[in-house]
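This report refers to the structure that appears directly beneath it.
Going in written order, the chains are labelled A, B and C, and every chain counts its residues from 1.
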Amino acid sequence: MHMADALLAPAVAAVMYAASGTAAGISIHQLKKDDDTRKLPTMAVTAALVFAGQMINYTIPGTGSSGHMCGGMLLSALLGPQAGFLSMIVILAVQCLFFADGGLMALGANVWNMAFYGCFVGYYLIWRPIMRSGWFGSGKGALRSRIIAASVIGCIVTLQLGAFSVVIETSLSGITELPFGAFAALMQPIHLAIGLVEGLVTSAVLVFVYESRPELLRELDAADAGAGKHSLKTTIAILAVLALLVGGGLSLLASGNPDGLEWALFGNAENGYSENMGLDEEKFGLTSAAADKAAEIQEATSVLPDYAFDGSDAPAGTTVSGIVGSALVAGAALLICLAGGFFRKRKRAA
Amino acid sequence: MNKMEHALHELSEMDALAAGTSPIHRLSPLTKLFAAVLDIVLVLSFGKYDLSGLAAMALWPVALFQISGIPVRTCFRKLRVVLPLVMAVGLLNPLFDRAPMLHLGGVAVSGGVISMLSLMLKGVLCLMASFLLMATTPIDSLCAALRMLRVPTLLVTLLLLTYRYVGLMTRELAVMTDAYRLRAPGQKGIHVSAWGSFLGQLLLRSMDRAQELYSSMLLRGYHGSFHYANVRPFGTADAAACAGTAAILALLRAVNVAELAGRLFTR
Amino acid sequence: MIEVQNVSFSYEPGKPALSDISFRLEPGQSVGLIGANGAGKSTLMKLLPGLLFGSGSIAVCGTPVEKKSLSEIRRRIGFVLQDPDNQMFMPTVYEDMIFAPLNYGLSRQEAEARVDAVLGRLGLTGLKHRHNHKLSGGEKRMAAIATILAMEPEVILMDEPTSALDPCNRRVVIRTIRELPQTKLIASHDLDMILDTCSRVILLSDGTVAADGPAEELLRNRTLLEAHRLELPLCLAGRQ
């Protein structure tokens, strides 16, 4: 789910940086206030572990495919939301800086999509209420079930939120022609499946930790203290609200395009757009009519208007001379490379 | 080689590149960070149909690659991470945006194809910028730059410490993965029965490691602050490099060099 | 230099890891701490600089080890951990070495001079600006020792300083240890190394001191060593 730089407009990237930066600032403030900076070594080692752990392939029983683990829920269950969030930021930064996974500009968005939801929403709205609730009765078995429930629900919900944010950010950036609703209809179900697997893997790890060193998990004491029915009600209420938000938003979008992606992909053809393609091509050369038409269709099919830079949208650069020029540029780039190689060789020889 | 060993290989490759001594390596990390961010922002600001304008933006990074002695090829290997994602989003563009924009020898090229190509090019250019930054700047210098930019010390220290242990953890998991495979022939991943314990075991050991690490810090007088090596200050060469890069990039952004060059031949 | 009196410690109630340990280290003495796995060597080592607290009393250079004297105690004790990766958390060897001196209030120049002096003495000047994660096993071990020496401690604790080293690097580490003038307490299973570097040996067994005496004498006592799940040092075993 790592966004690449290319998928974001600078303005969107900046907004996401501001949002993630604020969350990071608050987290740091909180950690300092609680004098939790001594957790620094644990945060670093755990972050490094999660970074490596994300590369493990987990075989999904009954299928040939494999799943991975998400860090957010695991880290916040182990370190608490603030420390977990900062650890996730660092993991994403290492991935972006050294592995080109995500981008420098997209880091803010990636932190928001993957770390913010996983750590804060996952912890405060899912992990803590469920661990404190009276679900599954009391005792060791009940706690284990609660860990599993919290991990699975947490991963699914936070991944849904993350995926939805990816859709919003990409659409706002005016990158894809894919209509908003269709994009969401494509992303959300995929991430439902991914979230389920991630949740199960995360719960397996957390249950293992619970059985060997329960003191490492957050909110277990509170759970042992046995919270009452009230918090169960709160949990359900919160989950219901969340489900409504996500589901409602989704269905609203989906209803705009009754059959989602299918409609989006083939509906245009039925609407007669393909006939346009059959018309005399010359009419659709490089005239503004074509561009207008493109814009019109885009307006019609996307829920959000096109946010791309209006001025540069005019296909001024898209001419034959532009193509020839691009080829020249490529040639020049190649020449620079060759020249660099030549000078290096001479330097080495000297 | 398993996935983790690949990652380790990539990490040490980046380390080796960053240890170079070219004029670019010698610049202040602040300069390089500025240049990379500016480059990416300008690349992203191009409209989705402005393919030729984008193409020209490749010239300056390519020149910098040559000056710094970083092989462009090592950068393009990372494209396998960037491109599939960008393609996944861009690939549908030709399906939706079918209005022809350009005719090349009787073949109509639709706007969707052009926006897809420009999206991919943006992906490549952004990668080149950040790769160049990381291939010429060791992580500790980059962190020094972040500290100068007043990024909270806690976060910067965490980044450094994490980077220090990323290689270690990855190596441990690589060994564990190999050990697992040797006893589970024909399995592609970790079987469901070991889902929790495989990473869990390492997690418990890591917690002990963190404890040791903290002891080591305490034993050497840690009171909550870290001291770093002094970094070379921002000098005249840096100011010149910043100004020069900004001017060249701004020029490439404002003037469509490719278009101009093309006109010489097409008219 | 170090005085340990009637020290006991347990991680879990009812299961003592150490019980009633007493010994004294004289200034300049080099003492080996030996014993089978789980005998309590590491626990004892952690008690000395106050990483753990037990019952009984421990004093370092006359100062009792208590919460309020920790800073004072730790300035005098250098602890070379078993895993150099845990010990060296900074990006480069240099930054790791100035970590402690700066924490103890030295100026940057003083710290820098110390680092250079230590590296020069150990013949490691080439390592100064190397990255910690790119050092070889032998280099890491020497660098870890260097980070401790940069603190100029009066007492040095070492946990398995020769584990996982090739013979050549092991020899280098042994030579270095022999040349250190400080009071040393070295915990190890490498009895040959202990014989080479220590004049006195303390044998721990099940959390108690089973024997305490001259190294030459103790390490030749096959019956004693085997009774505590140890063996004669190889160099002595070969001669018999």
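Operating definition for what follows: a contact is a pair of C-beta atoms (placed from the backbone, for glycine too) under 8 Å apart; a residue touches a chain by one contact, two chains touch by 3 or more.
Model, not experiment: these values are computed from the prediction.
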Looking at C-alpha means, what's the farthest chain from chain C? A
Of every pair of chains, which is linked by the largest number of C-beta contacts? A-B
Per-chain Cα centre nearest the global Cα centre, belonging to chain: B
Chain A and chain B, separation of their C-alpha mean positions in angstrom: 18
In whole angstrom, how far does the Cα centroid of chain A sit from the Cα centroid of chain C? 48
For chain B versus chain C, what separation do you get between their C-alpha means, in angstrom? 42
Contacts with two or more other chains, residues of chain C listed in rising order: 89
Residue ranges of chain B touching at least 2 other chains are 139, 161, 163-164, 168, 209, 213, 217
Chain A: which residues touch two or more other chains? 41, 44
So, in the complex, the side of chain C touching chain B is made of residues 46, 49, 51, 71, 74-75, 77-79, 81, 83, 85-87, 89-92, 94-95, 98-100, 102-104, 108, 131-134, 147, 151
Within the complex, which stretch of chain B touches chain C? 12, 15, 138-140, 160-161, 163-164, 167-168, 209, 212-213, 215-223, 226-230
In the complex of these two chains, what residues of chain B are touching chain A? 3-4, 7, 10-11, 14, 36-37, 40-41, 43-53, 55-56, 58-59, 62-63, 65-67, 69, 72, 78-79, 81-82, 85-86, 89-90, 92-93, 95-104, 108, 111-112, 114-115, 119-120, 122-123, 126-127, 129-131, 133-134, 139, 142, 152, 154-155, 157-159, 161-166, 168-170, 172-173, 177, 187-192, 195-204, 206-207, 209-211, 213-214, 217, 224, 256-263, 265-267
Under the stated contact criterion, what part of chain A meets chain B in this complex? 2-10, 13, 24-25, 28, 31-32, 37-38, 40-49, 51-53, 55-61, 64, 66, 69, 78, 86-87, 89-91, 93-94, 96-101, 103-105, 170, 174-179, 200-201, 203-209, 212-213, 216, 264-265, 268, 273, 276-277, 281, 284-286, 290-291, 293-294, 297-298, 301, 308-309, 311-330, 332-333, 336-337, 339-341, 343-344
